[in-house]
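Below are the structure tokens for one structure; questions will follow.
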């Protein structure tokens, strides 16, 4: 079926008087990857939080997996995974305990937790409090958290930050393109991001500067986006 | 004068039974840059914390700027800057207030704060609570914090994480090679790290796998380091 | 956006009339109290003030409910103003009460009386309403949280009232135990008129404040449209609702 | 329900790991009893005074718990994590209130006997059944109000102050009722029957605020 | 010294940022005393009981203050930042202790008079000088112990959790001494002279722990 996985029309979001997003419109077909590029403060994380039903849009229409937000948010939540800047893990609980907790929230079996821990090679460190883990180990567990319920839509905010090259390969099957999920990714490495994306959205002070197929984004476009 | 800026001999550091660093020996001449590479959990951040006098070495000798640690730690602190994974900023204070506070701790004038804020283009956002800033903006302020007192030795733990390309250029004169500081940097982008380093240290489970001039580090070495 | 100026003049006049009528009744019609004498007349100010302020807090709570139900930020504004006004009336009740207390009990304040103290608690609690708002940046969250606060307070007032009534008051009189029951006729009439007057005063002031706030907001909106929202000064924090 | 259990379980686990809340509460109340015992060189108290001391102590200890209730959620992104999950939001209220309730019960299991030993004149045992009933009602009130207030306070810049600030006044009626209900149980000449009036007020209070809490809680979580 | 000032300044900034402190404390203390009032159901208290109430209030406020002063540091890496600076570590002890001390003083400036009118039977004014002396000593004790103990919780990553809990037991002697010292001042039949014994104990206690704190503080901060 061909309802787009994500569809925005004239979306805007304010924080008080600050405008974090404005007249944003795009569609992401199911299974495709959208790379969101932009300066610090451009509104990337805000956009992801809007798509993740954590923030309401103040204007325009947002629909994810065919469900209009925020009205049908509850119908979307279970089918969508967000990996934000913060790991969203309890520092004093172990990785395993954290994941087990989320597994219960999402109604996922404990074996899935073990499977994921093995995938990211954290099974041997999974019983230490997260606060004792190295930054990249925390990120690995955070990735597990985001894909725990095998979401159809995945929202990745600089997912590979703090991961060593080996680890990025490890998480590839989970959050990578081939996992066959609809993805919205942000990154400060434009080349890498565009390489794994089908569509690209350039944000500048919350306004879209371009919305193109990834392969049509010229280096100039990128350069002036950050200039 | 040619006393090395940093000198380690047979250094080891444990956390309980876990060995985070062991028989680590190297010297970094003044003004040179050492790139520390290794997997997640290899011990990079721990090494930086040892050099920053935040952690004691359990074996071996550490000397920074000719001063043996931890004995003469107080003599070193003012001349050394650390940029760890955490921004070390109070979320409820504004960027300016945070930097002013550190300026007082380091006995630096307030004008230096303004100058730095201008350098990283945060002057217009400097009065908002850090909590409300975007991740990359926080990182910019954190960079200011680390170089506030114009340290001779700079310890950078993935300094450019979360910074957009434009911002990394902005901070170049502050934390970059040309700032003429002795630097120890970590990064998960080996090519980039080696490119801006004179020396390279490969860590694996806390053990050094190689300690070489940066230009002699072959791709194979790197590959097997992460394999 | 509605203008709250509508009907203000008529209302103001009505209020003036009622209050002056009340005053006339108080001074020329209502009989002198047998044992308290003239000072007892403050009863006609004090009690209405106290009761209206309490109702005002509840009113604020109800408006807050509306805000959360409809998601319409203007209700938050209304609730904010309602509580603001109720606070002013509350302080007035405290003052009038203490004057009366000084006259008839000899102290400005009697601490071991549940009515007084609990009322003070209520007033003080709502006195933290504004600082509470102030300590939340995001206007939307501020509005929602303030509404929750207001609802809590609104529910708290009657409960507190019951609990206090149950804990026998020591000195504070209980006329309204069965709402105005044992007041002699003329006193009752005067009392009712003055309550009406104070209530009207409350409503009038509320409407005035709303009108003012509205004007300010529309002005700001215009300014933003003219200047354009490009160079907005960084979020300035305020306790007052901003739409 | 399943959700509430999951969250509750997580909270208890967290408490076991950090050991932050309950021990602090318990030590605090015991400290108070000790202070009264040695400080107020009155070896024993009874009647209304005893009831007052006990209630006030429990209330303060409760407030200490209230302040910590949502800190982890806020500081470590637990809120976002919960809001992302496809679950009913009021489950969080239920879970947190139950957690607080459990903390209070544990606290009392420790504090009340300590009170009996350290401070109380008349024997505790005969009054226990009635006492448990009253305290249960009181805990319910504190748990509900506390959860609500804590959720309110934790998002403000002044968590630690605002929590107690709003919580204490709100809890005064419940406190009055509790103290007055317990008072007769601790009469030197042996327990009198429970004063139904105060029980009723307490129950009413719990009911009203439970309903209010249920009605408004979601709005504290929304974006 | 300069350092201590800088830290103190930062803490006050965080404080003031967070709440209009004074009205908050006014409401806070009034609420507490009203709670005591309704709790013990007495028009007034005096003598040792009054002293006990005052001391307990102080302790409660102290605990809230300690949390306020150290949570931010722990959660947001403020300690690492401080340890990196080329400053004398005991400055932190000094700063935090003074902040806590100030906090308590401000509270008392509001709370004690409120206590005087709300709850206290005998007049407050004649006892004030002596009272101030005792309270100052008590605050000092609480401030020092509070800071010392919270420093145990510094190590963000591998911090030991039991540490902070030993604070309360440590404080109890000081609190008992305080209650005993204040008691005679509040006798219904007018203030008795300060009981030198308890005052001495309090002073001694402060001195000892101040020295201990100064001696061990650096080691607590070491990794």
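Going in written order, the chains are labelled A, B, C, D and E, and every chain counts its residues from 1.
Here, contacts are C-beta pairs under 8 Å (C-beta built on N, C-alpha and C of every residue); 3 or more make two chains touch, one makes a residue touch a chain.
Model, not experiment: these values are computed from the prediction.
Note: the chain lying farthest from chain B is C, by mean C-alpha position.
Pairwise, the chains sharing the most contacting C-beta pairs are D-E. Separating the centre of chain B from that of chain E, both taken as means of CA atoms, is a distance of 39 Å.
Once the centre of each chain is set as its mean CA position, chain B and chain D turn out to be 47 Å apart. In chain A, 15, 132 are the positions where the chain touches two or more neighbouring chains simultaneously.
Contact of a single residue of chain E with at least two other chains is seen at positions 17-19, 24, 27, 31, 34, 38, 158. Each of residues 118, 121, 124-125, 128, 135, 137, 167, 234-235 in chain C touches at least two other chains.
Contacts from chain E toward chain D in the complex involve residues 17-19, 21, 24, 27-28, 31-32, 34-36, 38-42, 48-49, 51-52, 55-56, 59-60, 63-64, 67-68, 71, 75, 161-162, 164-165, 168-169, 171-172, 175-176, 178-180, 183. Residues of chain B touching chain E in their complex: 15, 49, 52-56, 70, 74, 77-82, 84, 86-93, 97, 101-102, 104-107, 145.
Taken together, the chain C residues at the contact with chain A in this complex read 137-139, 224, 229, 232-235, 242. Those residues of chain A that touch chain C in the shared complex are 15-19.
Only residues 15, 38-41, 45, 85, 125, 132-137, 139-140, 158, 161-167, 188, 190, 226-227 of chain A touch chain B when the two sit together in their complex.
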